[in-house]
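Right, one structure below, let's go through it.
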Amino acid sequence: MSKPPLALAAENLARGYGDRWALSGLNLQLAAGRSLLLAGPNGAGKTTLLRLLATTLRPNEGRLEVFGIDPIKSPMAARRHIALLSHRTQLYTELTAAENLSVAANLLGLARNPQRVPELLQRVGLEGRGDDRVRTYSAGMRKRLAFARLLLQDPKIVLLDEPYGQLDPSGFAFVDDLIEQFIAEGRTLVLSTHLLERASPLLRSGLILAAGRMAWVGAADDLPQAFSERFNA
Amino acid sequence: MSSGFHKEHLIGALGLALLSYGTWMALFVVPPMSHFQEVGRIFFLHVPTAWNSLLVLTGAFVIAIGALINRKRGWDAALEATVEVGVLYTALLLIQGTIWARPTFNTWWTWDPRLLTAAILLVAFAGVLSLRSFAEGRDRRLVWTAAATIVAYVDVPIVYFIVKWLPRGIHQPHSFPSTVSPDYHIALRCNAFALLFIAIWLIARRTRLTLLRDAGTAMAPAAEQGADGSAMLAGVDG
Amino acid sequence: MNPVLRQGLAVLSKDMLLDLRGRSRISAVLFFAVMTLLLFSFAAEPDPESMRRHAAGYLWLALLLSSILALGESFRSEVEDEALEGLRLLPVDPRALFYGKALSNTLFLLVLAVVLLPLALGLYAVEVRGSMTHLAGFIVLGSAGLAAPGSLYAAMTSRARGQDVLLPLLLFPLVVPVLIACVKGTGLCFSGDAMGQSSSLLSVVGAFDLVYWSVCGLLFGRVIDE
């Protein structure tokens, strides 16, 4: 009986910009349904790692596999399983929120369902604002819309890059909610944040990056302590 | 830093030797032909330059395709070198053409298919080189250079063909008298190979220089060792 | 329906929607095109015969110059917030991304051409003595010929620092065949095509379009990779 493939398997992953290595020597094995808290000071390489895992970036060295698929050979097959909530909203500001979502739904090949967009908007707390152009949205609202689009993709692997960013306290609860939902649904989750005390109880494993290198691995519960020991700010 | 003798110098030396011989033949041995003035002897450099510039650009095209399939750094260096030499030869071609045209036809420039094609090629491939300085990141530079080279090269036959539609130019038609001394062919072929070898030499030197200059960027440092000496692995704890 | 085709049509409708929303940008490009046409008539000798002879040239030059603006704009919204990246990760096949964008750019250029043509006819006092179908052919095939490599290069240069200079530098030498063939062909449609040359010119542009729509479609995915 063969083991099911790991959701994410990375070996010696490295990515550089010019003469600098933004990330190097990254090893990761995340089984399906497990979660990983990603921490580190600014510039440590967290965003680079998430973009590599999302297959947005090609690694300069090392290998990555998504459910056993090589994203360089079969990018479309690999990307079907992944969704990334990134720093940049990846939205069309000239279109309305509803239009952004229906364009995505259309491209995903989802069957036409007039209820889908209103339900999604409600889920992320944007009901009634669907017909406003994204240009008029605040940063927090754009984040919520980005979450809506992520939900649309129904991904097996969820990658969140600073999901709490730009949100107010009610927004924090909203994100906690979603994280718990993702985990309950059995999705694989990698989350990078500065709010370590908040996120660590929700997640299972932890990784601290510093200057593009792995600095510490362990259980997520132990991460805040390990972090303050290293970066006693 | 390698200090050994690089083989390409042999080819370069051979090229220069052939060029000297071919040029000597062109200047002193080939009997004058009826419709050429003395300056027409530049023909023996001009035609081989034309052949070789097209050949080198074709080489760039092939390397570009290879570079897209196999993204190793060596391909980027070779591609850049080949395009540069291609641009050099095309520029030389245009300069030679001007040198010939002025005393022969009393004009610096003419709307002639071959000259026009060369001018467009020069700008197109100079643009490809220009693109390189705006591309951030090694990988992107390689992909963009390769893509732009492919796109520019595929245009060459189309450009040449369409430019022939313009009013007929004053370029010499390829109708030379059949009874021509064998020295004529020897001089042409000699210079053709000479320029080819020189091109190979230049490309090899440039590639080598680029690779040397970039050799400082070593491989990424390997994975960290954990407390027990084995490589660190994320995602398995908790 | 073939998934790439379906996605391509979805991308096309997204782009057309974006174009509609960006009405102010469209009118700006239109005014620029009209202004260019006027500038040519100011700069040239006021001799009606010479104007008539060069009308086709001025028309296509105006179209070419404004296409640079239009093409550059077409990727601005994609790159501002990394929207194109977001689409790529849905995942959307990069060929669909390319053909959708190239088609919407072709349509935009067609709109430009349709506005400029009667203006040119009026300004330079020309009539269409030759075939209207051939004229339409040159306009459609010429726009498509500009749009395909233009979209590829616009995607590249939108991420480069020197976009405003790079895009014309890269595109202009490339589209010389289209320019020459369409100017000559359009001129023949104006003056009357006594020797029936316009069909061969149309096939040259057609061949160019065929080659470039395939080559650029193949290259697009690599070019937008990081």
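Chains: A, B and C, in written order; residue numbering restarts at 1 for each.
Rule of thumb we're sticking to: a residue touches a chain if its C-beta (ideal position, glycine included) is under 8 Å from a C-beta of that chain, and two chains touch if they have at least 3 such contacts.
Here the structure is a predicted model, which means the values were calculated and not measured.
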Central subunit by CA centre of mass proxy: C
Chain at maximum distance from chain C, centres defined as averaged CA atoms: A
Whole-Å separation of chain centres (CA-atom averages), chain A against chain C: 39
Centre distance in Å when chain A and chain B are each reduced to the mean of their C-alpha atoms: 46
Distance between the centres, which are taken as Cα means, of chain C and chain B, whole angstrom: 31
Per-residue overlap in chain A, given as positions that touch at least 2 other chains: 58
Contacts with two or more other chains, residues of chain B listed in rising order: 136-137, 139
Per-residue multi-chain contacts in chain C, two or more chains: 225-226
Complex contacts: residues of chain B adjacent to chain A: 136-139, 216-217, 219-224, 226, 231-238
Residues of chain A that touch chain C when the two form their complex: 51, 54-58, 75-76, 79-80, 82-84, 86, 88-95, 99, 103-104, 106-109, 133, 149, 153
Chain C residues within the chain A interface of the complex: 3, 6-7, 10-11, 13-14, 17-18, 21-22, 77, 80-83, 85-93, 225-226
Parts of chain A lying in touch with chain B, wherever the complex brings them together: 8, 12, 14, 16-19, 21, 24-31, 34, 36, 58, 60-62, 203-207, 213-215, 217-221
Residues of chain C touching chain B in the complex: 149, 152-153, 156-157, 160-162, 166, 169-170, 172-174, 176-177, 180-181, 184, 201, 204, 207-208, 211-212, 215-216, 219, 222-223, 225-226
